[in-house]
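There are two complexes below, and they share chain A, which is joined by chain B in the first and by chain C in the second.
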Partner chain A sequence: MYVYIFNRLVGAAVTVFLVLTLVFFLVRLSGDPVALMADPYFDEDDIQALREDLGLDGTVAEQYLVFLGNVVRGDFGNSIRFREPALNLYLDRMPATLKLMVFGVFFAIGLGIPIGVIAGVSPGSRIDGVARTGALLGQAVPSFWLGIMLILLFAVQLGWLPTSGEHGLKSMILPGITLGSFSIAAMTRLTRSTVLDIWDTEYVRLLMVKGLPRRLVIWKHVVKNAALPVMTLASLQMIAFLSGSVIVEQIFAWPGVGRVAVEAVFSRDFPLIQTVVVINTVLLVLMNLAVDLAYVAIDPRIRFTAAR
Partner chain B sequence: MITDQARANVPAARLMGALGVFRMVPEGLRGVPRIPFAIFVLFVAVAVVGPYITPQDPFQQSLQTRLAPPAWAGGSTDNLLGTDSLGRDVLSRLMKGARIALAIGVTTAIAAGILGAALGMIAGFSGGAIDYLLMRLTDGMIAMPFLVVALAIAVVLPPSIKTLVAILIFFGWAGYARIIRSTVLQLREAEFIQLAKVAGCSSRRILWRHISPNVTNTFVVLFTLQLATVIIAEASLSFLGMGVPPPEPSWGLMLSDGRRFVDTAWWISVFPGVAITLVVLSVNMLGDWLRVRLDPKFRQV
Partner chain C sequence: MDDRGYWTRRRITRRVALRSAGFGAAGLAGAALFGCGGDDEEQAPAAPATTAQPAGTAAAGGTAAAVAPGARPSASSGHVDIAQSSLDTQPGDPHLGTSGIQEPIRYATNTSLFTLTVEGERVIAVADSIEAAEDFLSYVVKVREGLTFTNGDPITGEDVKFSMDRVAAMGSGKASWTRKFSSHELIDPMTVKVVQTQVEPTAFLSVRGLYTVPKNYTEGLNDGPWAETKFGEAPIGVGPYRLTENRIGVLETFEAHDGYLLGAPFVKTITVHVVPELTTKIAQLQTGEVDIVQGLLADQMDQVTSISGGKIVSSFGAGSSELTYFDIMKPDSPFNDVRVRKALAHAVNRQEIIDTLYRGQAILQNSLHVKFPATTGYDEVLAKNEPFPYDPQTAKQLLDAAGYGAGFQTQITTYDTSTSPGTPQMMEAVSNYLSQVGVISPVRFMEAGQYVGQFREKTLTGMGPISFGGLADDFAVVYETHFLGNTGPEAAAPFSYDDWQEGDDLWRAITKETDVEKREQMSKDLLRMLSRDRVPNLTLVAPHALLGLGPRVADFPRPPAQPYLSHLEHIRLEDGA
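Then we have the complex of A and B:
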């Protein structure tokens, strides 16, 4: 088990390292970063002073080390466009994205699990057919299209919900649904197949023979056993939402981290781009690690199998 | 007895054997889900011949006929699916977009597949330090958030289809590597491989002649899964403006163009979206069918 954890940690470190290096070289690829950050009225001396100030006057290797050191301290430099520390800009927008992610997860779990359970205990029924078709569709429909269609239907045609922006609970519904739609499909599928497997076990048959009402068996016992893989998937979905938010926030003009990413990319605001990429990756990696570790802690079988 | 004549006939015999595979195609397609298959064939057909038979020029702008609705909703039959904000025919752009989607999808899926499979085979077969390092690298690549990093890369590289394909391959190989590696790990223990080793085959020979043919089933299944993923990834990047550069009509780009007019000219966004959904849906369903048919390891509901 410890080998497994160690391998996971190494993998996580590799990811972060790869991204940091990538981001470092990307910025340099597109020209002199100092020239980008300097004011137009700077002359040569000022630019040189700025260069030294930012630690960008050494060799590439030296600059790399300075960069790493800064990152560890949380110093990503100032955004070119906003003239503020990039990290602060990112953190300001984080809560908005978090709200969306939580909504999305609740939506995905709230709909996906019950449908999956019902489909699992009655395979071949109509609900099962609907669930499986829905899951297939949910995985095929691109989220940006779904978002636009939802806006078209609910905001434009029916006028029930706002088209964009963050204005309280009502405005969270459409973006949240869009974000969660892909997950519902995965959750439903996994729940269904897990429940199918559990339903066939002797344990469940025993419970039924014992005379417990079917509803109790399903919602108390089967669900509890299905909880582990399903919850793991749910947390993984949450992780995917961080990436999915880029598109959803763009469509709904939601002032979150994803939108910052796109704006930064279009205005070539490299410090901000760096910030978003690095922090997103670190968050993703940490969340993945947490899920892996939690899984190991909860499921005793992993502890005793050989490391992958 | 192996006579000289028989030996001379071997290449011919091999060719006959290889051609025999075409007899298998109808049999191999037994039980294929028909609607997804039909959609997929339609998609490929449009991608291949579509651009030659478009009703209009996909790039031809016409400001007088801009934002015209589809033919059945008040528009003219010149533009069956309407026109976009620059007067370009939606149907023609849709057809050209099919070629873009298929070309990028297939190229990426195959290239990433070859790269990933090669690395996966090397890792699985070599074991030890090489395996460990390659696997950490693969894990590292898989954990990277695709969209954000792809955007960052796309910003500094010149906008073109080649850049896009490079980025997609960069993110695509790791998925193949991991699964192919585990296939190889299983194969390694098989008797016929052990026998080949005992008989003195070099590692390279074993990999090439014995292991790779057995990996192809997995590869094909992975290919279909990756194809769907890549199509959506390309559409996403194009939607955000960092994929296929305009005026090429990538479906994702058409969607993003139509966003501004979703209340007045819904057709600009709806049709590309339907196209993407149908294609991805059919590829996924075909992949499911292939999975069950070819490789029991993948069987999940």
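Then we have the complex of A and C:
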């Protein structure tokens, strides 16, 4: 087990290094950030002075070596645009993204799994029909439109909730629903499909014949066996939420990392782009590792394979 | 008194500036605005009048009421929330700003040696006078007595000199500063002498007039000689407001400086929120979460005026749209022939663009970049008469004469810009007009960063728009940044694709000319020649910048040609709000 974890961590480190290098060179193909920042009154001397101030006057190779040396010390450099440590800017926005992520995950998993289970164990029923229609709409309706409609209805017309911004629990509801709408639909459909497969198996029929309560059969046996693919999807959703949703943050003026990332791309803010990508990569590999370890906890067969 | 020779006067004083800058017409108010040191001859400028409302403003919402002249509060009160699409990098440090979108917010916390009033007139502010030497190579700046920073420290010549030192050492415009000014020294506690490297009456404009920061406070931050990091976190300035909270990408909060040199602001605290989505901003106005929204499109006016007490105010001609002919210097390009350039100008129905795309919320732009009398070089005849009226017949005749009677193929590359909203749609309209005279120009959309970068690198082909906001101070400065070619020792303008020897030579003569009348006439001549004869750009329209006011706001006067927020000190709340 520990060897497995060690091997995975080494692999993760290599992955992060490769991603870091790839992003470093790729972003520099997107254009000159100094040209974007320069005031119209700047001439070439001003632009060159600005380039020197920002550490962009050396060769790409020189910049890469400096960057690597700083990264191992935890220094991702200063944002070109904001002239503040890029890591600080990212971490400053992370709490807002985490809040939205928790709400979105709670919404998606908390509703998507139960609905999917209920629909899966009663195929063809009215509940199943409503669940499938809801899932279809959830995946078909663009989040951009949904967010605006929710604002117009619940904030403008009814006045129940704020339109936007981060102002506490009430302000998380509309963006959380918008963020989670696609995920709840995806969770519902996958859970339904997986439960449907398992519900038809012989061992489930045996459990029912033995006289176990239906509720026990569903929630203790069926759901546990349906958990693996659902957990995989849930982890991917969490990663997506952690990376920030640009559309939701745009509509609701939510100060998360998604907007930071997009603004960094548009302004060619190399250090900030690199910071966002590297941290998201680290989170992704760690999340994948956690999910893999969770598989072992849920499925004994996997444990057996790992022990060999 | 016509003051379009503002920058080339030998001596500029507050009295001269106020009298000549149109305040006489507005009527000098009796109420004192700021400490005049007991000088009976100094008079306070009139309180700003509301910008005239554009035609077509919905009657249901009404227009903002005119402000009574001379009314400034003894102390500010109340709070206002504003929604703006972006605050860009939000630098707290006025010497580190780099873009136009930051400039209006900087006005809130800083005032330079001179400033722009809400009527669009320039007045000197921190300076009491600026006197040029006979040869115009040096200037003596006398600092106004009795002024204080927002922390209460008095402003002295040492602070002005320190600010100049700071800009020269670490400011974002330090290269321009050191190129234009060879030295500056304190000659008495309230006087600084500045020496230029060459005669250039408008040199102060290119360094944004020099924002003054407090020497003692800055040095007391113990962050190196210039406090490059710490000053921006807790900036102190001379503006109507002090920055009290600065969350990057989220909001900025300002608190009034009641001792501001031009009079206390009306509103005590203002929070500007970053709200990227226009629909959300309007929703915020509808729910009362914000009181002012910036960046409205003409199509959204009805949504604001349908709010009970909702109003629209606008800054006239804030945007500036021109189509640049990127291939103007290529011998085998149709755009190399001036007849083709004039033909395309005749082919576009700009009034129809204003009426349909902008619902009347724009003005014709008849000359390159210069739209208002406050700009040196403004030509009233040119401004009020289209040099190339819509006339497809004449367009076809010119194309025929140039050998392109059968038309030709080119392209329009465009981008989206908040300075001139609706630019991509306008380019589609232009493309349609051009196709009617045989010029096929499909529109290619490019991301803004890439477009501006390639524009400056001069790698674009065909045609493309470039938009600038703000009130141009002097056409010679505009020419230097937008039209100067590679015809002499100076670096070509970053946005120029043209190398026009005649125009560049005239520009060089203008920059050296110190006679006010001659300079004015030469600037007009250059503008006329450029707009009517050379035609390196196809002028289009100048959209108004529209803002929506909620019911709590009585008025928010807007200066002309200002696409973003500025003059926050003039926001007035309704009684009881």
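Methods note: the second predicted complex is superposed on the first by the 200 of 308 C-alpha atoms of A that agree within 3 Å, B and C clash if a C-alpha of one lies under 4 Å from a C-alpha of the other, contacts with A are read in each partner's own complex, and residues count from 1 in each chain.
Assume a contact is a pair of C-beta atoms (placed from the backbone, for glycine too) under 8 Å apart; a residue touches a chain by one contact, two chains touch by 3 or more.
None of the values given here were measured: they were computed from a predicted structure.
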item: Partner chain in contact with A:Arg126 - chain B first, chain C second, else both or neither; value: neither
item: A:Phe82 touches, of chain B and chain C: first, second, both or neither?; value: second
item: Touched partner set for A:Leu18, first chain B, second chain C, both or neither; value: first
item: First, second, both or neither for A:Arg73, with chain B first and chain C second; value: neither
item: Touched partner set for A:Ser243, first chain B, second chain C, both or neither; value: first
item: Touched partner set for A:Val285, first chain B, second chain C, both or neither; value: first
item: First (chain B), second (chain C), both or neither touched by A:Arg259; value: second
item: Touching partner for A:Leu196 - first (chain B), second (chain C), both, neither; value: first
item: Contacts of A:Leu29 with chain B and chain C, given as first, second, both or neither; value: first
item: Doubly contacted residues of chain A, that is, touched by chain B and again by chain C; value: 30, 148, 151-152, 156, 250-251, 266, 268
item: For the chain A and chain B complex, residues of the former touching the latter; value: 7-8, 10-12, 14-15, 17-19, 22-23, 26-27, 29-30, 136-137, 139-142, 144-145, 148-149, 151-152, 156, 189, 192-193, 196, 242-244, 246-247, 250-251, 261-262, 265-266, 268, 273-274, 276-277, 280-281, 284-285, 288, 308
item: Of chain C, residues touching chain A in the complex; value: 89-91, 96-100, 172-176, 179, 206, 247-250, 273-277, 279-280, 283-284, 286-287, 289, 447-450, 452-454, 456-457, 468, 477, 481-482, 491, 494-495
item: Of all residues in chain A, those that touch chain C in their complex; value: 30-32, 35-46, 48-50, 81-84, 89, 92-93, 148, 151-152, 155-156, 159, 162-165, 250-253, 255, 259-260, 263, 266-268
item: Touch list for chain B against partner chain A, complex; value: 135-137, 139-141, 143-149, 151-157, 228, 232, 235-236, 239-242, 252, 255-256, 258-259, 262-263, 266, 269-270, 272-273, 276-278, 280-281, 284-285, 300-301
